[in-house]
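There are two complexes below, and they share chain A, which is joined by chain B in the first and by chain C in the second.
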Partner chain A sequence: MSWTRKILRVNLTQGTCTPEPLNMQWANDYLGQRGLATKYLCEEIDPKCDPLSPENKMIMATGPLTGTMASTAGRYSVITKGPLTNAIACSNSGGFLGNEFKNAGWDMIIFEGKSPEPVYLWISNDQVELRSAAAIWGKSAWETDDILHQIHQDPQIRVACVGRTAETGCLYSGIINDKHRAAGRSGVGTVMASKNLKAVAVRGTLGVGNVRDFGKFMSAVNDAKKVLADNAVTGQGLPAYGTQVLMNVMNGVGGLPSYNMKNVGFEGAQNISGEAMHEPRASDGKANLTTNAACFGCTIACGRISTVDKTHFTIENKPQYWGASGGLEYESAWSLGADTGIDDLNTITFVNFLCNEDGFDPISYGCTVAAAMEMFEAGDLTLEDTGGIELRFGSSEAFVQATEALVSGQGFGKDLGLGSKRLCEKYGRPELSMQVKGLEFPAYDPRGLQGIGLNYATSNRGACHVRGYTVASEILGIPVKTEQTATEGKAELVKAFQDATALVDSAGLCLFTTFAWGMDNIAPQVDGACEGDWTVEKCLEVGERIWNLERQFNNDAGFTSNDDKLPRRMLEEAIKGGPTDGQVNRLGEMLPKYYEIRGWTDKGEITAETKARLSL
Partner chain B sequence: MQKSLHIEAAKCTGCLQCELACSYEHTGAFNPSRSYIKVFNFHHEGRFAPYTCTQCDEAWCQRACPVDAISIDVRTGAKVISDSSCVGCKVCTIACPFGTVNYSQVTGKVVKCDLCGGDPECARACPTGAITYIDADWTGYSRMQKSAARSLPAAEASAS
Partner chain C sequence: MKVYIELYASLMALLPPGTQRFRREIIIDEGSSVQQLIDRFSISAELAHIVLLNGHFVCGDARKQQKLAEEDSVAIWPPVAGG
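What follows is the complex of A and B.
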């Protein structure tokens, strides 16, 4: 089993909390977390609804492995219709929240409606209630976490909450748990705040015990842990450098974009790399990196815990930032650093702290600032527009001022909260927004890596690397090396990664295991834990079904093949210099093939035949 | 040979695999809230510390128990609770200077580390070697070795 077979329905309009049995037929078809919650969402909301209206619902979901001893099995996801994209949104977080939900006895929580007053949900096993959020509304995510611990007088509760930017409508606000883990992308925090829901505080002590075949499960779990330990990426590279192991690698292969993706290659990459985080500072002799850290049950431990130099201008009179907290990962180091042209490790670590403190997506935020910087330098944005901020590439001072403006929710901060697509449209330069379906690009240039371009264009939640991480194959040779600048075979590669990832997410595992694990490592763990015959083939079929269900939601919401596209810069402005000199993304060579192998029409619609094959 | 749990906090990543393994061994479910070993997260310092019973030779808990429910497992030296004798009076939880004996609302008894009969599951599950089960006489061995290396002139230390 492993599912608790119980879901909690919270009607915020009426203030009711009602347990329901889990639909086990759907669990068999969609496994859990991302897949299963998407099924519930598709059955329960109108895909055309306004994402910030009470008609939208928000689901927090665990997977069947969440809370077990499988490595990395502590994850949960938030599934809703996203305000940045108007597409399906699914945002995944580690830390220690998912396992606490599961230990409290719940597979998922469905939030519907809108509370008349700010509230938070308190869960203590099967005792569940909505309480007034008067003491925490208007507070940062860090303060909210501290206050809820004080109120409940229990150091062992876990808190997921939104910060101030979600309350003031920033469209890429996330949900923070454990102070520095985040369901960060797609604006799921903005949806949560729109429902007047500030936080969920959980204490679960029931245990996760209903594993189908314990001997089989533990045997698969132990084998799989050994695979992680013996693999160079998951056993050595990620613990030592985190995902930041990629900064110098990507720069070296012509895949690291910079300056709002005008360029590929960043001259300051070394200064903001994983290696630089280990180097002692001149001022205090300490390195940026204090330690690596694991999420629940994770035997990789890629997390970064960092400090900012106390003498740095960003924090010199702010002791609240002098302690250690969640540090830079590759994506945030790129978006807050290379994309804005800033190579000061202290500045971007500090801005990353602020992203955690108030719960906004560092990828979307960095990209939005980068687009604003390009518009400022081109004269499309004036000092009057920015409230006096000299928003030039490479300026740490301007970046910190912009971040403070965003957190305030006032003036130019309001503009920055729109995300790059709406911001660039507002100031007349829509082509300068590096996004797909409204979601900003992550840290890999689609001109230098053809497959990742196709994945961005077709990703159901907009431009996203963790929907089909072809970087593994195109750069790292996992599971096999493909030529990064070739388009042949990329449609098949993207489909394979997208389907497998949907399954990994839906099990409750971390995608980073797949640097070492194949489906032949994952399926036996699911099979040992869950009822049903979870072969590799079934896992891949479920992954493909989930992908198509998400696509169907988007099509029903009004998306078409016209939305499976990349910005003009990626298609027409060739890379100048470096290992990928002269490259553009050749999406047109890959997209028709991708539709064909997915069993979709040339307009990107799912054919009746494909729906029948996947029992959609 | 008597063995001890040896905890090197600097190696801990806070993953809680030890708590999962301990709770499964003792309760039949993955349930960190019922683990006898706890990992503490000192967030602002970026440090983690696994902590559990050190199995004192002259154990405060054992001396305090009014019904002789705590005995010594002669194979391992562990102080173990007899559930059939324990009355849940909690005096041992007050006596223990380290807080590693605790009352369980679920069972109505006190609970503590019993070294799993000589093969501690926490040590088996720890992915980083932060928790090991080693010769009780030599829990300082690796630190002593490091200190010894530091005491050598630089050239000799690097050659060793």
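What follows is the complex of A and C.
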């Protein structure tokens, strides 16, 4: 059992920290992390509660493999009811925090209530206490990390915290750990700040030694690591180019949205691509990419560490940004770049630094600015509304000004913090918000990839690529190539990806392993670590159970099949030009079949038979 | 006949010196197939993982049958992924 069998309940209202035994029946049914924490959340909160009220809870959870020798096993997730969507929120992060937290002896922490004053949680193995956050409230995530290291005088502590945007109510604020890894989506940081909880600082030295069958576990781990090393994607492609290698691929296949998803295809894509990050700059001969980086235990190392050109207008007088820091991933390069029409690698790298520094989701932020740009150019937003910012597509200067406004939490920055759905509603153009359930789209156009459109529409946390990454099959040929513009078979494909992903996210592993691993590589690792005969079949059943539990939470919160939809632009405005010319998303051809194979009614409700089959 | 070849990611190293980024103009014989263009750069079947002809996938045996036309553009990637 790689579960520690211990959870920590932190009542912020009362200021108490109480250990509890882990519910092992639930662990057997939901494994850990995403699944298990969702079970706890569903049992403990009213799905209709206000996400920013003390009635909501926030759970930080590891998986049973977190902190073990398994490759990529350093993950943790944050599960809560999300303020951007009012749906289930689950945001997953790498770095080193998850491992440290598990090594301190905890499977998960449940935060409940609201502290009367700003606090942070200090964990040193089984010594836990809430401390005043007076020294860090109002500080950025980077400053908070530095100050907590200074206070505790230990370079090895790990910090997860919120930045300033969460404190001022930006609805898509995340939780930053290790300065540039993030539980970034769904506004989990906004929930954390609403509880007056600024940070969690952890030091764990207990080890993760309670593996069920160590010999079997290490055999499975070693076999699986060899698969990662031998695979061209995880062994070569991701370390060299990161996820950013997709920029030119998606542009090439007619799947890269641009200009608030008005267009498909971006003329500046090659300037902000993974390949461009390797090119020497004219000013100093250095490339944007300094090095790749790995999270705890990872043998892939897809992370990007980058610099901005010191002579660039964004940082020429700001030496605090001259060092190397977390660089662009594909999603952030798309949202901050192609979707805003900006092809300046320095500008979008700088804005990405600011996303990390203050902990706001670059996907939601870029999409929100893109929607604002479209409204500004259409005259729906005026200079008076934007505080004088000429918010036009392609303007680096305007983008940086808008970002500074967001961080300030003042004026138009407050509007930008609403996210695209509420912003577009406020200014009378709701149809210009590219989102599902309030969560902004990632970097794949549902008109050019039919399956990803179905996945966005049905994803439990709103439009999200890492809930069911059908791009792997529709574009990348992993595990097999399917036709991107076909709808046939996509319901089955989406369900398979969604269920498998739920299991991976619940184990403590990184989803990127699945570019090389199948469930037959993952199940033996889980089985070696955990009691319960974790076969491939059981893993897939648990994944399906988790997906349905999340769906049930959303249904109980008031969501219906009317929320499983895409923006009108995706359904009615056909792509103009390029290899996917004329395409719209044909959601109506796929959704009924999806409900059917899920065992749901035609209104998207889980049938009694399905609940019984999955023991929900 | 003039066509364009685009080699991405690790395949960029196969482009001749002086190539601007990933794209190169190539003169090939009339009637050449996609596979013959791939072979000209000695790219193995394993590494020619994604092959696009003017943005459209050309998979498997179709690469031998698919003839190129003047001004066609062929883009090739090794196995890659992201997210």
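Quick note on the criterion: the second predicted complex is superposed on the first by the 616 of 616 C-alpha atoms of A that agree within 3 Å, B and C clash if a C-alpha of one lies under 4 Å from a C-alpha of the other, contacts with A are read in each partner's own complex, and residues count from 1 in each chain.
Operating definition for what follows: a residue touches a chain if its C-beta (ideal position, glycine included) is under 8 Å from a C-beta of that chain, and two chains touch if they have at least 3 such contacts.
Quick caveat, the model's predicted, so the values are computed rather than measured.
Enquirer: May I ask you to decide whether A:V407 touches chain B, chain C, both, or neither, giving the answer as first, second, both or neither?
Expert: Neither: A:V407 stays clear of chain B and chain C.
Enquirer: Is A:K179 touching anything from chain B or chain C once the two structures are fitted on A? First, second, both or neither.
Expert: A:K179 sits against chain B, while chain C stays out of touch.
Enquirer: Once the structures are superposed on A, label A:G204 by its partner contacts, choosing first (chain B), second (chain C), both or neither.
Expert: So A:G204 only meets chain B here.
Enquirer: Quick check for you: in the superposed arrangement, does A:S325 touch first (chain B), second (chain C), both or neither?
Expert: After superposition on chain A, A:S325 lies in contact with chain B alone.
Enquirer: Return first, second, both or neither, reflecting whether A:N103 touches chain B, chain C, both chains, or no partner chain.
Expert: In the superposed model, A:N103 contacts chain B only, not chain C.
Enquirer: Can A:V233 be said to touch chain B (first), chain C (second), both, or neither?
Expert: In the superposition, A:V233 contacts chain C only.
Enquirer: By the touch definition at the top of the document, which applies to A:I7: first (chain B), second (chain C), both, or neither?
Expert: A:I7 contacts neither chain B nor chain C.
Enquirer: Contacts for A:T299 in the overlay, against chain B (first) and chain C (second): which applies, first, second, both or neither?
Expert: It touches chain B, and chain C stays clear.
Enquirer: Is A:T290 in contact with chain B, with chain C, with both, or with neither (first, second, both, neither)?
Expert: The first partner, chain B, only.
Enquirer: Residues of chain A that sit at the chain B interface in one complex and at the chain C interface in the other, please.
Expert: none
Enquirer: What residues on chain A touch chain B, complex-wise?
Expert: That would be residues 67-69, 71, 96, 99, 103, 156, 179, 204-209, 225, 229, 239, 290-299, 301, 303, 305-307, 323-325 of chain A.
Enquirer: Across the complex, what residues on chain B touch chain A?
Expert: Its residues touching chain A are 13-17, 20-21, 23-24, 27-34, 43-48, 125, 127-128.
Enquirer: Where on chain A does chain C make contact in their complex?
Expert: On the chain A side, the touching residues are 231-233, 236-238, 240-246, 248-249, 252-254, 270, 274-276, 302, 329-331, 465-466, 469, 471-472, 475-478, 481, 511-512, 515, 578-580.
Enquirer: Enumerate the contact residues on chain C facing chain A in the complex.
Expert: 6, 8-10, 12, 21-22, 46-47, 49-50, 52, 54-57, 59, 75, 77-83
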